[in-house]
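Take a look at these structures.
Consider the two complexes below, in which subunit A is the common component and subunit B and subunit C are the respective partners.
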Partner chain A sequence: MLKQKRDKSSKREHNPYRRRLLFFILLGWGLLLLGDRVSELRVYQGALIAIYALAIGSLILLTGYSGQLSLGQGAFMAIGAYAAALTQIYLQPPLIVTFIAAVVVAALFGAIIGGGAARLSGPYLAGTTLALALGLPTLANLFSFLGGETGLYFDVGIAPERFGAEFTLYKWFFWIAALATLIMLFFIQNILKSRYGRAWKAGRSNPAAAQLVGLQVGRRKVLAFTISAGVAGLAGALLGMVSLVAPSTFTLSLSFAIITGAVLAGLTSLTGSILGGLVLVVIPEIAEMVSGNFGESEAVTANFPGLITSLLLILTVLFTPNGPAEQWHHHKEKKKQKALEKAH
Partner chain B sequence: MIGSFRKKGLVAASAIVAIAGLALAAVPAQAREVGVTATSIKIGTTVPLTGIAGPGYAKVAPAMKAYFDYVNANGGINGRKIEFIIKDDRYLPPVSVEKTNELILKDKVFAIVGALGTANNLAVNSRVRLGSRGVPSLFVNTGFSGFADKKKFPTLFPLFSSYRMEAKIMGQYIKENFAGKKIGLIYQNDDFGADALKGFESAGVKFDVSLPYVSGTQGAATATTWIQKMAAAKVEVVYIFGVTTATAAAVGVAAAAGYKPQWIFGSVGADATTIVGQTTVPVALLNGALSMSFMPDAADTTDEYVKFFREVNTTYNNNATFDNNIMAGMNGAMMVAQALKAAGANPTRKSLIAAIESKGSTWASAGYPPIGFSSTSRVGYTGFWIGKYNLTGSLIPVEAKGTIFTTDSGNGPVVKTTSKRPALPAKGLPN
Partner chain C sequence: MQQVINVFLIGISIGSIYALMSLALVLVWRSTRVVNFAQAGQAIVTTYIAWEVVNRSGSFLMAFILAVAIGGLIGGLVESGMMRTLFKHASDGPVAAVAPVIATLGLLGVIRALVGLIWTNEGKRFESPVSTAGFVIGDTTLPFSRLNLLIIFTAAFVMIVFSIVFQRTNLGLALRAAAYNPEIARLSGVKVSMTRTIGWVFAGAAGAVAGILLSPNDSLTPYSLDVLFVFGFVAAVIGGLESLVGAVVGGLVLGVGLSFITFYLGTSLVFPTAFIVLVVVLLVRPSGLFGVKGARSA
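The block that comes next holds the complex of A and B.
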């Protein structure tokens, strides 16, 4: 039965799994080529875009698909970052193990918190996760092995020598971040298109109906929370790699920035997450350029990025509530439909 | 469907090629060292302009800029104007890392100068790898003794006498003057405070009450718990080894509670103007408090350096209230200007570092103790003078003026000597 279904779908879509894999490999190859041709600043920003895109991806899975609003992705990012840094400091395993540790530990916390959160919804869940984002990073100040306000260094070292002397620190960051993000986004994309993704969507749109057809909505929600936390943990470890594993890296404003990015990207479209990451990095850049024209006023420079972000948020909600990526997709579908109608 | 996928792939590929082409065209050709042009030399700093440590420390970078503006108005350095970029890091190490990345990648500075904070500089050196990339970081605004380790920080030069030296010198003073009294310590619980603890240990000072605080928590609420514990333990001498906002909070709360111990303020947390500005306590309340400095007091207008810096402050710094923060900023800037000049007509990052190693110990600055730079040493100033605040908030030497105590950051002895500071060069410009 299952086999039959798969056969059918592969006929219809030419094996979407392989298509997606090809797309991600192509994207990765393009990024690799690009990384060699742009300035160090752009490479550094590229790493940041990848990290934000991954964090946004984790939120899209949680909020856009399973319908749980989390204001606390920053907290899970912090857990992942501390897990990676502590693993590296105390065990010194190969680099990849530290990233796996970040995912596993953050997912574990996600499962515990998700277990409680599945009983909450809407503003109550938002409030709980907000408290988490506020409270958790400050725990670092209570236990000396977490390094206090100064934090810990999650040091991925420099690139192996075989990459050559031209291989800068930032390129190394970019490679790691982009690779991790591409693999993770591919993984999320596949989950979202699987029966889990459909079950989450069903539970989000109409929990009662979903339960009626036999879906265990609560358990699925916990699963979504767990996966999302694991992904956020990886994003956190990557951010810790570029910056510092410290409470002031994982602030409330980071959590909010990720939500902003997710909303701008479209909460239900994973491809939009890369766009969201891009927007988060580009907005301060544009703000700096524009505020430069107003002179060097400190008040303008400090508040301009906030103004642009707010404006973009309002415009997004007004004109493309599902995000530009989703809107474009929608537009294409409509066109296709029209073409079909015409053909008939 | 296959067709659509191929089309999609083509679109993606062409987009990538287009972006790559644009980027390729945008990379400029470079002939001189990064940040140096025929007419300018670009340097930058990270300091708290806002945030918990902002009050007081926010005045350091503008004071540096004022001195650089003065140098520029007098012809610049070897015909080049100094372009100085200030970034606010709010005293948060992750932000310092981010802003330093910006200074290097976006602003493309020649060197970092006067970056402030122990944890901040440690984070930047580890995460941005200034050392292996050869980016100089001159005269950091911190007294952490670890920065004198040339192997670990090959491009970094500390200037301040270290916290370890400070703790050793004041430790000896405490033993000589407060024997038998109950002594308490409040310190910042990071490498900044830990450095001082090592100094106290080598001086053999023990504290009856020892209260660490987490950077960022030094508000009135935390200070209340300090003062309650100190008062409950009947501590007679309270030593605060923290940032200025911590000193201000402690003094303010103690004054309100009527608790009057003998205060000792750490050198980087002792600026009278900032303490008074942050609290409602009258400046007279600081009367009798002990502190130490390696520079003359900001209120000492008989000193030629103070006089000169005050003139620069009037013309180039909007006549800001002159204090130790401005002194520290201008003094560091003066050292930077001499280093840039000594780096030669075509300065490189390497020639800059070589110049400081070979000539840095002879340069003019307001600091009383000798400077220890050499090809093997990265130690800046090597001592302090001890003073007591008077009714108007000026630090008055407890010994004859010019008497300093020199020592090292290890277990060497504390030596009492007289300052042989170089005289102010003509017009206060590097010669």
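The block that comes next holds the complex of A and C.
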């Protein structure tokens, strides 16, 4: 069985890199074509889906692979957003540089905090990152250059002229967000399939055994935290671009939403992250439709999405703890094994 | 000097609320090895119920008793309804370690949404049962008020009740035994599954007291106890997450410390300080001030 599986996987890994690249390029192309056919609001929501998907991807890397649950992705997103906005305001470099600055600064903070986090497990890490997510945005009030409650405006400018006059601002946002997300997810996907990804998995499932085969589990955990923070920082910069770089953007609810999306999509499969982003944007939409039927009550509009997503979160973790996709995969694998046993 | 004493007393007052929340977290941790991220959510329900009762009947005492009873009930229901299913289904697999955290976060979301649906997200003013004006000595008015005094006395009363239950009754002995070593407790005839539920019941009640003490003279929203949770968690970690005494001491130390920071350095430094304290304690002395070494492996 094992041998057979290895043969199969080696065949599949014939050229996984090119296959993945092709997949992402096709996906991006499809999305961009779609961007021309839908309304402005949908384009904006498309950008949000991309941003959420990226943030969820960062959490999947951290939690699903390296086994560290962070409730503070919102904090790293905030760091990225402020880094991007400040770079933009004071240096006015080309756009790509601001985004790189967001990634680098957030990753730097991630490395520092990850150094401590690697020693914590389960609930301790969760509690610490929760305190971070709740506390960090309040720092904006402490330093005047961070803009206080009103925050900063991260201005990416309008689209270059060559895209034509009909190219709206939201479409420009969508292009940037979708492109950044696709590139980053491609990058994460490749890391996860590399020896780093395997080492994270090993350290997560059995730290002692991983240590025995010579993996430096602690150092790898810090690395995972750093990369995850960097990716989250980029997502934060993108979110700051479409909304506002202010404490009100990077609330605890944002961190919770990202965890919800990641769990619903399946913590162990990166492909789910786009689905997770979709869920996070679609559910409030549905809730709005439903609350419309109840007479536009503000309490319903504000709380119905939370109710649905939280219920889904509980049900998912209770009955398919590894995410629906993984569960299905597991189920299929089992069936195959049974069929194999029967054949013998 | 007088001001220092004042700040200290106010710190004790707010710290005793943190201590109660921290006590709730420690009780849950001892009984099921879970940090209950929904603890503040459970408390928000009972606090809203208390607000409703105070508004309708005007009796703070009745509101208090009802809130504590319902808090205990919710705690028991969550353990027997949700956590047991969770432990049955998610005992292994890649995300087993994080499943309880996620489940309790989900519960927090559900509770908040339901509270928001029933009472809306608008801030409610929770009137204080006693005067919030400071005591007057001679011709100086102190910031320390009757409300602060009431908070300290109520919290102390609850803690005394808890310590009697834990130290002097058979139930307390069973709870301590089950927390210390579930396997041996089971062999000596303790119904461990029942002690788990009871741990959650006590925690729910303690959280309810914390919520109802924090809210008077303040605006009550579905999110207003988030901060209490974080400080309760920090206090619990300072105390080692294992020890009930440690939870109380941790809460008081944190309350007094943050009170001094608020008065002398400003409110904006409260969160950063709490965070730094949390990280330093976790890195330097991960078993807390009162914890047993090696207790942090879970």
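Going forward, the second predicted complex is superposed on the first by the 308 of 344 C-alpha atoms of A that agree within 3 Å, B and C clash if a C-alpha of one lies under 4 Å from a C-alpha of the other, contacts with A are read in each partner's own complex, and residues count from 1 in each chain.
The criterion applied here is as follows: a residue touches a chain if its C-beta (ideal position, glycine included) is under 8 Å from a C-beta of that chain, and two chains touch if they have at least 3 such contacts.
Everything numeric here is computed off the predicted structure, so don't read it as measured data.
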Joint occupancy of subunit A by subunit B and subunit C, clash or fit: fit
Spatial angle subunit C-subunit A-subunit B, Cα centroids [nearest 10 degrees]: 70
Which partner reaches more residues of subunit A (counting touched residues only), subunit B or subunit C: C
Which of subunit B and subunit C A:N141 touches, first, second, both or neither: both
Subunit B versus subunit C as contact partner of A:R204, first or second or both or neither: second
Which superposed partner A:S248 touches (first subunit B, second subunit C, both, neither): first
Which superposed partner A:D155 touches (first subunit B, second subunit C, both, neither): first
Touched partner set for A:L27, first subunit B, second subunit C, both or neither: first
Touching partner for A:G306 - first (subunit B), second (subunit C), both, neither: second
Subunit B versus subunit C as contact partner of A:G218, first or second or both or neither: neither
Contacts of A:Y124 with subunit B and subunit C, given as first, second, both or neither: second
Which of subunit B and subunit C A:S39 touches, first, second, both or neither: first
Minimum C-alpha spacing, chains overlaid - subunit B and subunit C, in Å: 5
Residues on subunit A lying within both footprints (that of subunit B and that of subunit C): 141
Residues of subunit A touching subunit C in the complex: 63-64, 67, 69, 71, 116, 119-124, 126-128, 130-132, 134-136, 138-139, 141-142, 201, 204-205, 252, 256, 259-260, 263, 267-268, 298-300, 302-304, 306-307, 309-311, 313-314, 317-319, 321-322
For the subunit A and subunit B complex, residues of the former touching the latter: 13-14, 19, 22-23, 26-27, 30, 33-34, 37-42, 44, 141, 148-151, 153, 155, 158, 169-170, 242-244, 246, 248-249
Complex contact set, residues of subunit B against subunit A: 1-2, 5, 8-9, 12-13, 16, 19-20, 23-24, 26-27, 92-95, 97-98, 101, 105-106, 119, 122-123, 126-129, 132-133, 189-191, 214-217
Residues on subunit C engaged by subunit A in the complex (per definition of touch): 29, 34-35, 37, 82, 85-86, 89-90, 93-103, 105-110, 112-114, 116-117, 120-121, 222, 226-227, 230, 233-234, 237, 268-269, 271-272, 274-275, 278-279, 282-283, 286, 296-298
